[in-house]
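Several structures are given next for inspection.
There are two complexes below, and they share subunit A, which is joined by subunit B in the first and by subunit C in the second.
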Partner chain A sequence: MISVPLFSVRDLHVWFELPDGRELHAVQGVSFDLHAGEVLGLVGESGCGKTTTILATMGLLPSSAQVAGEIRINGVEILHGGESSVRPHRWRDIAMVFQGAMNCFSPVRTVGSQIVEPMKLHGIAKGADARRRAGELLEMVGIPAASAERFPHEFSGGMRQRAAIAMALACEPKILLADEPTTGLDVMVQAQILELLGSLADKLGLAVVLVTHDLPVVAEACSRAAVMYAGRIAELGSVDDLYHDSHHPYTRLLFAATPDLLGEDRVASIPGAPPRLDREIVGCPFRDRCDSAIEVCASEEPLLHLVGSAHVAACHLNDLIESVTK
Partner chain B sequence: MNTRTLDYVLKRIGFSIMTVFVVLTFNFVLFRALPGSAVTDLSRVPNSTPALREALARQFGLADSKWQQYFIYLKQLLHGNLGVSYINGLPVWHNLTTDLSNTIPMVGLGTLLAIVFGIWSGVTSAWRWHRPADYLLTNTAIAFYSFPTQWLGLMLVMIFGRYLPTTGMNDPFAVGGSAWSHALDTFKHMILPAVAVALTLYGQYTLVVRSAILEVLGEDFVLTARAKGIPARTILRRYVLRNALLPIVTLIALSIGYVVGGALLVETVFTWPGIGLAVYQSVLSRDYPMLQGAFLILTLSVVMLNLVADLLSLKLDPRVAE
Partner chain C sequence: MNSSDTSEAHVMKDTDVAPRPPILEVRDLTTYYPVNRGLAGRLLRHEAKTVHAVDGVSLRVDAGEFVALVGESGCGKTSTVMTILGATKANSGSVRVKGEETVGRTPREMLPVYRQLQMIYQDPYGSLDPRFRVSDTVEEPLLVHGVGATRQERRQLVLAALESAGLSPADLYVDRFPHELSGGQRQRVAIATALILEPSLLLADEPVSMLDVSVRASVLNLLDELRRTRDMAIVMVTHDLSTAGHFADRIVVMYLGRIVEEGPAKEVLSNPQHPYTRALISVVPKPDPRDRSTPQTLSGETPNPVDIPVGCRFHPRCPIAREECSQSDPPLRLPVSVRIESHRVACHLA
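Right after this comes the complex of A and B.
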């Protein structure tokens, strides 16, 4: 069955003009699709373009950023019309839980009033109706409805994170972008938040993009994941495929670099650092750190190719293996 | 009002009272630490004798020991008596009310202009951050903030002296005329000194407002507000200004408090008969009671307004009482 995906990102490019005239190409041709009820992980090291990608999909990057590509919600392009065409979609169709969501509430207003605000703005509910709905949302994430009258500083970190999720759900969005929603929380609260996100995706049919650098989080919460490197998608597939049948050396090394509670293995590290994005990269961006680079990696950039069912990877080794097996 | 808030309010009030007492003492010590006294000043006449000096000292209450003087000063203050000016022999209170009634309209107008223009220029430059309007407004503000007041005053006199009066409060030759024409004349005299006050003060507002707003603009809740689809102007009002208000309110309260201190340099340049000019002349003639009186009023005013700012911030930011 071929259906229009709920959320579709096509060939997204983001670059920043630096003060000295050079360009920093932060996101280079990212594409992915997302269906209702699905949780997609977006994984990678710091600075690989995860957060930039999802900020770009909501048109939230600063004016120094240039964005190209298509963002479609139910087949409708939202970015090309500029700020005025994205704004009605924000929070109504696509909402976000921010990195450091602890500070996403203005300290001088009550939590409830900030949850109610987008409902009024987008015409979802108003007055007592909106306030009751805010209470229900807070209950849904495990916070007593009466806390709506309290100020953000009266909440604990975990509560604020939950309240941020409740606020994101205020206008019944179809898509939820969660940027490192569990960073800085203790493990118990982390697990609760992830469980909450998973159950919300199930119950409300939300499509969730979960940005994280934490692979266990991906394994726990996501069905599919995209591994990003140097602003590009290196590999995208089901979490199972990525773990058991990875077709990109970076994915393999990333998994090897994750500590295993029961395993005896030492944690491997990936030597070197990602390439600078303010220079043009020739060949494969990962080749300097790759343990199996071949000659062609230095001259040609590998493109994403299908390596399994709904599983793509950008590595020359896959083409080599394919040509040998043929 | 819960106990925490009450605790905060009482603490602020107690702190204010302490401040006033400390400043009273400083006022006493400070002026007596200056070399010379009203006696050496007044007895600098031909044929002055030690007897004359002694008589003057006794008359001014300067013959007693410093401690005795201090306690007499405190005792008189408690009775609301600020003493008598050494120079014109009138009660200090009388002199000061006359000076204040001249100062408050002029410096008040200047301060008001500075607040309005400074806040506008600060908000605009922050909103147009790193764009030409920002560079223009910020650099102009820094320039005016750093010009010496007396130089700025002289420039105003040189440039606008042809069109507007530059000395005193009234035209000494305009005798008679209605109350209305008298007031209009005073207002004309007030323009240049008030503008001088405004120009020296507004730069500080621009810089404080700009940096307060820029700080808030970088906060996560501003990005969140954009993500919620809230229009930019509403974000500026509801989120940015509301959170940047705290340092701005404190600054406004303090500069209102300083209005009664007069503007010493501006009043001297424009010979505006206000409290600043009075302080300048009192320092020259070591008129202790006048100086003590003027500084007492300034202290009370600044401390009061500071207290007001503290109480307002309690209202503006729920975190303050914590």
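Right after this comes the complex of A and C.
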């Protein structure tokens, strides 16, 4: 691609030091690019490292975590300088809606005063100016500006989630990381929130990373998605390619485990569980649950290879197919 | 009101289905919760208000039938199953489990009913006592109901229940504590506990919504298999229409405490008659991006069941409402363009 991506993550690794001194390798070499106005899905089972990945890009991991790799915003690397190089970008360039954020408002203060907070903190606006801006932000996410004077408990779950998004947008970031923004909401409210994220990407040119464990949500709301497994990206491509031209057994099995509204196919679970991340993984991390594993899967780690246009997958079968067709 | 037509439904069913008594028969069930008026409200003597959580629900479930109760949060799905369970008090109406009336029973009088009726909950993390081993949890119903004379006998029943819930080999799991199990395994322990008395009816409130997709299918396939092999009836609350369509025989759509549509699962999904059902279906995300359709998002959320709209309770959000919709409450009846005679809808325009 010719243009420099707005947001670029390269070979990101995160290790957590466990209380007993061992290490848990939560993120193991994740890379992706994101352009303005794009919605990228980050999807995978619980514990695969989705939240850790985006917390790392915000520089918000606890001190027990060690991070390596590169994170660039408009080409500028922000990770190597540590906290002092991340801080100027956090909330101003890259902002986040936390998993469960809608339940994290303080019950004793109005929603508006809580949205004003980050603006004051980052010197964006204060006083009447900040309050006016809080009203505008609420309007932007579909809540009447006057509701700024109300308390969180007077909002429904869907409205609180919108307010959490408004708060993340307080400092006009270019990149929004949304961690499970629709989990726990019902279908109708979920559809409204996804519509909102899509229109923010469209209208503001916001680049959105949508973290979810729900494949249909990704198919509905994203243009591209990365399927994560055991701290790594198993496959990344357009949502159309992932569904119609998957090059990784995990992606295929995940779709087969997902019921489709009028689909007739039997819904099949994926036996077993993801591997532990506090031990070294030899071979393919998906090997124990894979229905297509071959001998090499037990000994060699499959690396991400290009399998189509802007489509990569990490599975030995792809090399096999390539060598046969050659 | 919307009860007369359900008896019509029964007449129809009784004529073409073998005359086996239903496992569950609910008639005109209502459950009201008092609303906390707050101190100011009480001082000012504001009228005491009630939430009409379940507002005239009639439902029949036959042996081996898998029924899904769907709708937005707050529509009364959970209140309906909790009232059937007797955990929430009914205000009026009737609940018969294998022909026996259960409304108005004391917890003590409910006890024998629980040999027939069991429940599993949404949260596999909260529903197990962290201090109890799997064996203790699963054995508990046996002790309560005095089943299994000896320790040895009960142990065998526990192992068999774990095996049938898919925790196999059972002795690998039986002595573990909840924190030593995955979410899917915990939900299987809850299922084993619910199954050990071989109930004829299982109530399940969002049993898989907190589990990973890869695990969901195994729990749902297990429930499906159990109702087939044991003729156990299942009433499952879910807001996931895709899951309902795949596993349920019948879908019951609720809105503000009422059933607004019900019928065979495939029929309700492929030929929905109520505008609310149509809206719900339109917002279900599809795994195939080529299936993307324009979602008909309804504005707002389920209104507060304290102020139930006059007329059709859906009319303020309804995209096709006409004048009559704000005046009279549509009964649950056969749709005009009926394709399957067990289909019911409560809409003036269907």
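By our rule, the second predicted complex is superposed on the first by the 325 of 326 C-alpha atoms of A that agree within 3 Å, B and C clash if a C-alpha of one lies under 4 Å from a C-alpha of the other, contacts with A are read in each partner's own complex, and residues count from 1 in each chain.
Operating definition for what follows: contacts are C-beta pairs under 8 Å (C-beta built on N, C-alpha and C of every residue); 3 or more make two chains touch, one makes a residue touch a chain.
Remember, it's a predicted structure, so these values are computed and weren't measured experimentally.
K.L.:
Mind working out whether A:288 is in touch with subunit B, subunit C, both or neither, as first, second, both or neither?
P.N.:
Neither partner.
K.L.:
Between subunit B (first) and subunit C (second), which, if any, makes contact with A:117: first, second, both or neither?
P.N.:
first
K.L.:
Which partner chains sit in contact with A:60 here, subunit B, subunit C, both or neither? Use first/second/both/neither.
P.N.:
Once the two structures are laid over each other on A, A:60 reaches subunit B alone.
K.L.:
Between subunit B (first) and subunit C (second), which does A:186 come into contact with in this model arrangement: first, second, both, or neither?
P.N.:
The answer is second: A:186 touches subunit C but not subunit B.
K.L.:
In the overlay, answer first, second, both or neither for which of subunit B and subunit C A:172 touches.
P.N.:
neither
K.L.:
Between subunit B (first) and subunit C (second), which, if any, makes contact with A:215: first, second, both or neither?
P.N.:
It touches subunit C, and subunit B stays clear.
K.L.:
Counting only touches as set out at the top, which of subunit B and subunit C does A:107 meet: first, second, both, neither?
P.N.:
Touch status of A:107: first partner only.
K.L.:
Contacts for A:23 in the overlay, against subunit B (first) and subunit C (second): which applies, first, second, both or neither?
P.N.:
So A:23 meets neither subunit B nor subunit C here.
K.L.:
Does subunit C touch more residues of subunit A than subunit B does, or is it the other way round?
P.N.:
If we count touched residues of subunit A for both partners, the winner is C.
K.L.:
Name, in rising order, each residue of subunit B that touches subunit A in their complex.
P.N.:
Listed in rising order, the residues of subunit B that touch subunit A are 219-221, 223-231, 239, 242-243, 316-319, 322.
K.L.:
Which positions of subunit A touch subunit C when the two form their complex?
P.N.:
Listed in rising order, the residues of subunit A that touch subunit C are 45-46, 156-158, 185-192, 194-195, 213-217, 219-221, 239-240, 243-244, 253-255, 257-263, 267-271, 273.
K.L.:
List the residues on subunit C that touch subunit A in their complex, please.
P.N.:
Residues 72-73, 182-183, 212-218, 220-221, 239-243, 245-247, 266, 269-270, 279-281, 283-290, 292, 295, 297-298, 301 of subunit C touch subunit A in their complex.
K.L.:
Can you tell me which positions in subunit A touch subunit B when the two form their complex?
P.N.:
Its residues touching subunit B are 58, 60, 87-92, 95-96, 98-101, 103-109, 117-118, 121-122, 151, 153.
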